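Next up: some structures, all given as structure tokens.
Each of the next two complexes has chain A plus one more chain, namely chain B in the first and chain C in the second.
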Partner chain A sequence: MRAYLAFLRGAVLVGMVYRLGFLFTALGNVVYMVVAYFLWRSIYVGQTSIHGLTFDQALLYVALGSTVFILLKTFTDWGMAQEIRDGTVAVFLTKPIDYQFYTFFTNLGFPLTSLVTVIAPTVILLVFFFRIHFDFGPGYLFFPLSLTLAFIISFHLDYLIGLTGFYTESIWGISITKEIIVSVLSGMLLPLQFFPAAVQQILAWLPFQAMYFTPLMMVTKPGQNVSVFLVMLGVQAAWTAATFLICRLAYGRAIQVLRVAGG
Partner chain B sequence: MLTLGEYIRLYFYIEAQYIKAQMQYRVDFFISSIGMFFSSLAALSIFVVLFNTISSLAGWSLMEMVFIYAFYMIAISPMQILFDNIWWIRFHVQSGSFLKYYFRPMNMLFYYMSERFDIKGLTQLAVGIVLLVYSSIQLKIDWSVGKLLLLPLAVFSASLVLIAIAVMAGCSAFWLVNSYPVLALSWRLREFAPYPLTIFDGLFRFVFTFLLPIGFIAFYPAQFFLRVADISPLVYLTPVVGVLLFALMYRVWTLGVNNYSGTGS
Partner chain C sequence: MTLIHLQDLSKHFKILNRHEGLKGAVRDLFSSDYRMVKAVDGISFDIQAGDIVGYIGPNGAGKSTTIKMMTGILKPTGGTLLVNGLSPYENRIRQAMIMGVVFGQRTQLWWDLPVIESFKILKEVYKIDQKLFDAHLGMFNDLVGLKTLFPQQVRTLSLGQRMLCDITASFLHNPQVVFLDEPTIGLDVSIKAKIRSIILELNRTRNTTIILTTHDLGDVQALCRRIIIIDKGKILYDGEIKRVTALFGAYRTLKLQINDYSDTTLATLRQQLTGQFGAGNGITIAQTEEFWTDVTIDQARARLSDVLGFIMSNFSVADVRIVEITMEDVVRRVYEGALQ
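On to the complex of A and B.
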């Protein structure tokens, strides 16, 4: 464990360096939220509630969705493809370090260092400029844990995409396809309530909703019964475990095709 | 200096070699095209789901939105296909390999951009054309000769706006070295282009028309074909905005190129 904490420390230090780049990411998110405000205002013209969501709740949901996206987007798959291509990955075959855990902790640096700076502009915009009404309830207490599980599931998916780097060099196509599928089916861009009922039933059985819809609903509708939140967390935990197992199995298979030339 | 004809011949020659080299990676081309296909449909699929619930967005129907979206897809294709190398400029600037572009007797912007021809961008163009044909049939758009002649002009003008914005963002590499965040921001702004500008109130409509002119990427030019009757005079500004922004971009590029001093290696 101490070895992995050293990787995390390194990643945090690296995260601190890229302050300027982060400024543009934050700015992009602010513009997105402003556009979302006007878009949803047009959608809610003449209506106070759609699919059980008020305008304030829908705006909170999509603004937070875009903000969580920044935290979950770690470029893990890109980094792995690079390590596989240049052969760095071979190091982990000879050292007592687990490649998956190593990758996890090095990619945890970014969300940890930028958690506050990512979320703060969103809260300021929602409270002082859009002046939305927040509901309060136990959902807020479960949100941090839910977001953590969402991060792990998202990491597992990225890790699986990264492993395809053992088989192909065209990581761009696979990665972008994954990103688009997740952004639409996870409810990141649009609350899942807006989907047709039949589609919603299918989406409930896929892991994507556990990455965005679940944590976002905890803040959007925090006043629900505690048992509702516990079930949501249970589903997330199950997906965390299932995707973890898939990652272990996939790595075991993928590593067998590795050939590194020279040293 | 080379003449325009020589540049065109040269461009075809360079791209023919490039495509031959790329043909070694057929799987990559196939997978990237699938990725491009999905990414061209992402925003559209959200519109389609939304219109299950609403019947119009700020006065625009789903089919009209599809038309604007299709126009946008076609207008971003030249940027994607011909100017994709702008994403790699930070690596050249950082490693110093950018210096080689100073040593050829041709236009540097041309030489730099000719180094990559993004074949997968053709998928995007195809999606755009299919959607444009489909939505204009659904909307019963009357394609007069005048409109047919205006379409390439409108697409070309909109493309100039997009190329100018992206290349200027990429030029930040000459001063900041890592141009990725600025490029990613310009990319993100671009994604708002297919939204009807009528959803915004006065201040932001002004911002997205004059300060961050993304309205000229799709919304204004598409009105030529959708609502000829109540057309905004701004629509006619599209070619002017395109040419002015492109000229400004070239100025920024020249400044950047002259400012860059290599890495000393």
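On to the complex of A and C.
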């Protein structure tokens, strides 16, 4: 375990090297949120509530969605594909470490170092410029844990896409496709309440909602009963475990390609 | 003690026959036109603990494939491979603790961080005791003066400095065996000498077994007691370095640019050299690239200065270069039976 904490420490240090990059990411997010503000205001003209969400709730949801996206977007799949393609992966295989855990902790450095720089502008914008009304409740307490689980599920998905690098020389198409599917089906761009009821039923059975919809709802509607949040966390935990197992199985198969066919 | 044992080891790759052009590329998408490549084709040898073994051969000979099997990256197609009594492939993580690896073309250091940070990470990965860690770094510092590099970002290091750090990194956990895959590739003479001395010193003081693959015959001569020559996946020679150096160390190639070169020049040159130095003079003449004539001399049989002097006085020569025998030449000569 100490080894992986050392990787995390290294990753945080690397994160510091690229600190300027975060500022630009945060700046880009501010621009996006301003656009979202006007878009959603026009959607809510003449209405106080759509699909059970007030304008303030919808705006909070969408702004937070794009902010969480920055934290979850680690480019793990791109990094892995690069390592596999140029053969650096061989270096890791000669070390007494687990590739998945190594990849996880080295990619955790970026969201950890950028946590404040990414979240602070969002909060400032929502509180002082958009002046939205915040509901308060136990949801806020569960949010950090929910976000952590969301990060792990998102990582697992990226990791699986990264593993396809063992089979194909370019993961570009696969990665972009995944990106689009996730951004729509996870409720990152649009709260899932806005989807037709039948679609919502299907999405409830997919892992994507656990990446965005679940943590975002904890802050959007934080006043619900604690048991509601516990169920949400339970579902997230189940998806975390399930995707973890799939990752282990997939790695076992993918690595055979390298080991048998050579790199 | 036998540390590494190979018996009839082989590795075959299935390779897609790629076709030319756009049409070919489309065809390849659906192609099942594979051919088998025997990268390593039934090799056997034992390596004793504490040895430095040069594992040499031309490009594509199967050197790296063998190293990758010994380090547990690749799964052998057939045969037996034991490192310290265990199969490296099946016990990857356990075996990784007792071995160090340097791939000359890649780095295990963290590109964006100061050198010392990579070492600190390795300290945790291999669970190296703080005292031991300090002692090792101190020793490396005494050997090559590494300390000045510690605060430098890896990306700002020169290739040679980076290689010194990579080698340090691979020895940090005091492994039983270190695999060095082309450690001196692309480096200049002075840094090569430094790297050779550090390898020798580590082998001497810690009895670390070292397997070295290289293109550079100089590395082998400076470091190894035993060499294994491999080509096309098969072992051509396995034995003492002395026999090989005795045979090839004396060879030099004179590269000449002869004025008024014509079709008959080579024949004339050959005839005149035979006339001057006798029939069994060990001199071979070939034209390997345009405008250049290669005259390879065995210094045990004919003196370089004599041959050069003779040619200069009998031919009009525009340019001369003297080169040491290359790995490809050695392999060719071994094929021709030079070591039999």
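Just so it is clear, the second predicted complex is superposed on the first by the 257 of 263 C-alpha atoms of A that agree within 3 Å, B and C clash if a C-alpha of one lies under 4 Å from a C-alpha of the other, contacts with A are read in each partner's own complex, and residues count from 1 in each chain.
Throughout what follows, a contact is a pair of C-beta atoms (placed from the backbone, for glycine too) under 8 Å apart; a residue touches a chain by one contact, two chains touch by 3 or more.
Small disclaimer: the values here were computed from a predicted structure and weren't measured.
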Give one of first, second, both or neither to describe whether A:Thr94 is in contact with chain B, with chain C, with both, or with none. second
Which partner does A:Leu5 reach: the first (chain B), the second (chain C), both, or neither? second
When both partners are placed on the shared chain, which of chain B and chain C touches more of chain A: B
Which of chain B and chain C A:Phe75 touches, first, second, both or neither: neither
So, A:Ile181: does it touch chain B (first), chain C (second), both, or neither? first
Please work out whether A:Phe134 is in contact with chain B alone, chain C alone, both, or neither, and reply first, second, both or neither. neither
Residues on chain A touched by both chain B and chain C none
The chain A residues in contact with chain C across the complex are 2-3, 5-7, 9-10, 13-14, 17-18, 86-88, 90-91, 93-98, 256, 258-263
For chain C, which residues count as touching chain A in their complex? 11, 13-14, 39, 65, 68, 71-75, 89, 92-94, 96-97, 99, 101, 103, 105-108, 110, 112-113, 117-118, 120-121, 123-127
Residues on chain B engaged by chain A in the complex (per definition of touch): 25, 27-28, 30-36, 38-39, 41-42, 45-46, 49-50, 52-54, 57-58, 120, 176, 178, 180-182, 184-185, 188-189, 192, 195, 199-201, 204
Complex interface listing, chain A residues touching chain B: 20-25, 27-28, 31-32, 34-35, 38-39, 41-43, 45, 50-51, 168-170, 172-177, 179-181, 183-184, 189-190, 194-196
